[in-house]
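Letters are used for the chains, namely A, B, C and D, taken in the order the chains are written, and counting of residues starts over at 1 for each.
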């Protein structure tokens, strides 16, 4: 496997920018804590998107100016935020009724491992302190489309896209699409299908760094992002 | 069995006035449709009572003056009402969460038959058009105390307080107390216990008109109401 | 952001014969009057209707009955109109009676991704026949399943252009749960306001549950007018 | 009509060792700050705490941990404080992790007389071990049971003397369900107002769920201050 060096920051930015293209104007979207939250920074001005926060807010706005900070208004990552015009507040039970009831069009979440059948692991590593799953196990069953964004390989250079997940699952058969620094891969009933390669990566390089059989789409777009 | 003649209206009034004594100041109460609703007319002014209406109102007030009528404000009997100061409106799901969750202290409901083990029948007569149970099947399992008010006998002179109900049930083991034109009877684990007789009725007359064994309380009050 | 319909005909034009529809309201309070009138006009047939009640002779769902558009009715208290009894006796109309709390919870479950839940209502009654009974901490409960609809027709007092809704007083009743349980939810509102006019803390139904809204003038018929007796 | 407490000590004086308590809040938002401080002072022990999170080192439920008052914690995301990990590793603290949506629904069920319900969350994960799996329309779900408490300690923005409550923005979170699921529910509010001051259509928690209220000054610590970057 060739060793390539990319700037970590620009890699994450690249993933976020590509992930933004999953968001359709007029849709309701939940962005997971961490890297997925950053996708919001790239949403194009002409798209009308309403972001849901599972702690009880439909219509997350930008970060507040200093004088606007309200300690009672946070997102699920516990960051102070604002609410857009037309927002709604509600309880956690209503929030997860909304999530489980498949009212969200899309959720973009982080991942540790994804399997061929769409299993997702993203909440615990055995032997390490377990902090909890938060809302992830509900969200993966709720949104109409689940997109996982993550680095293609672990810090140790191991594939995270696998035939079977090794880590305890967050959900079974839940992932629709994976976006990494190297590729966009769909989970289909026939297994993984490569839809796009990122700039700087060949089809073979993506295949090599994937731990399961990777079909190549007839509509494959190379160097797509 | 002796034949006694009582004025129907005054009999119903008598039951309602006696039933009012079941209501403790500071409590939350649901009054069933029909005769139970009339109990509200007799609630003593010094009692602080909040009446729940299962269509989504906590804090039923008096009937409106003509100029106050609001078609969007009704009780469960579909009568136009007002709301008291401190009332709350909510959805039917919230209303029955409140009911099933045993947050009401008392429900006073009408009855067709009550059995020794506290079974209640009050929603259908086989062969007749069935209109439905409305909220009764939920309410009998919800309120902390269920009081049934009814005539002691059917129109045909048959007992309505029975060893076993003959009519299809509304709920099993749900009734705590029965108030009729002749008596107050508790449902206990040892069966029916006569607690009070009404004016004009002897213990023996009450026993004769009851279709199950009737124990007499040591604290029996005769001619109590 | 939401479809704002100009005519009630247009608001319901996607409804097809055989659809399952939920219709908000308790008695005649909080019913989508004009959407029901448009349904009558559309003449869609073989409907399954989920609604707490079934209107009166000449108003609300009673109009659909009269026009023989309903095959199956799921409600808690019905038969306040003559056509109902006649159609049940003739076998034209099938009825499923559900305790009111179970009905509202089944509809909530439908919108909330809960396929089934247990409730004490109906244990030991004819309603329990054929249903799973299960004991929790020594008490018996029935398994009940979620209800969803192809179309939910609801009524609110105020709706903004994002579909956020507020209801008036006891006209709330079944409307919020039905909004969430509909594949397509159309809200008839007394007033459409600009987005931002409703305080986000006091929204009863967030716009995510609503697909289209339309402003309509309500008759608000009163079923039982009761007033203070004058001295 | 409700108990209006004058001191936080008095508000929690009926709490006993071994009680199961629910504590509202998401992170540090919407937590009953002063009730928690009074609990620390009371030194009640062996508590089972149901709360989405478990505070931070020096605030919220973290203070109860530090003081070794919690035996068992039921939450969805915990361990944001050092005492937590230490006490879990030493076996002093038992933890039950529950998906956030399941947690909020179990609490709602507790207050709503629903002993159990089915949810997709957790199917195929370690959470499913020992739980009943059931298929509805071809999809698998887990059976989850209701949660109730001996005491629910919640926080609201405004409370009237009938116990009706309103919450501020995202400080609502778990508070309304916990109010309903508590045998005894104490609400710490920023402001007690006369009954009638809150519009009956915009009450988040009807007073029937609340046993006592107390006014308290909130610090409202911010866990993650994020602001617009200045140009």
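Worth pointing out:
By our rule, contacts are C-beta pairs under 8 Å (C-beta built on N, C-alpha and C of every residue); 3 or more make two chains touch, one makes a residue touch a chain.
Note that this is a predicted model, so its numbers are computed, not measured.
Looking at chain B and chain C, the chains in contact with each of them are D. Averaging C-alpha coordinates per chain and comparing to chain C, the farthest chain turns out to be A. Of the two interfaces, A-D and B-D, the higher number of touching C-beta pairs belongs to A-D. Remark: chain A and chain B have CA centroids separated by 56 Å (rounded to whole angstrom). Rounded to a whole number, the gap between the C-alpha centres of chain A and chain D is 29 angstrom. Between chain A and chain C the centroid-to-centroid distance comes to 37 Å (mean Cα coordinates, whole Å). The multi-chain contact residues of chain A, meaning those touching 2 or more other chains, are 83, 89-90, 96-97, 99-100, 141-142.
Contact of a single residue of chain D with at least two other chains is seen at positions 105, 108, 112-114, 119-120, 167-169, 200-201.
Contact between chains, as defined at the top, is found for A-C, A-D, B-C, B-D, C-D.
On the chain A side of its complex with chain D, the touching residues are 53-57, 62-66, 69-74, 77-81, 83, 89-93, 95-97, 99-100, 119, 129-139, 141-142, 168-173. Those residues of chain C that touch chain A in the complex are listed here as 1, 108, 110-114, 160-162, 164, 180, 195-196, 200-201, 203, 206-209. Contact residues on chain C toward chain D in their complex (touch as defined above): 105, 109, 112-120, 134, 136-137, 139, 141, 145-146, 166-169, 199-202.
Looking at the complex, you find that chain B touches chain D at residues 26, 28, 48, 50, 52, 58-59, 83, 85-90, 96-104, 141-142. Contact residues of chain C toward chain B in the complex are 26-30, 52, 75-80, 85, 88, 97, 99-105, 107-108, 119-127, 157, 167-177, 204, 220-228.
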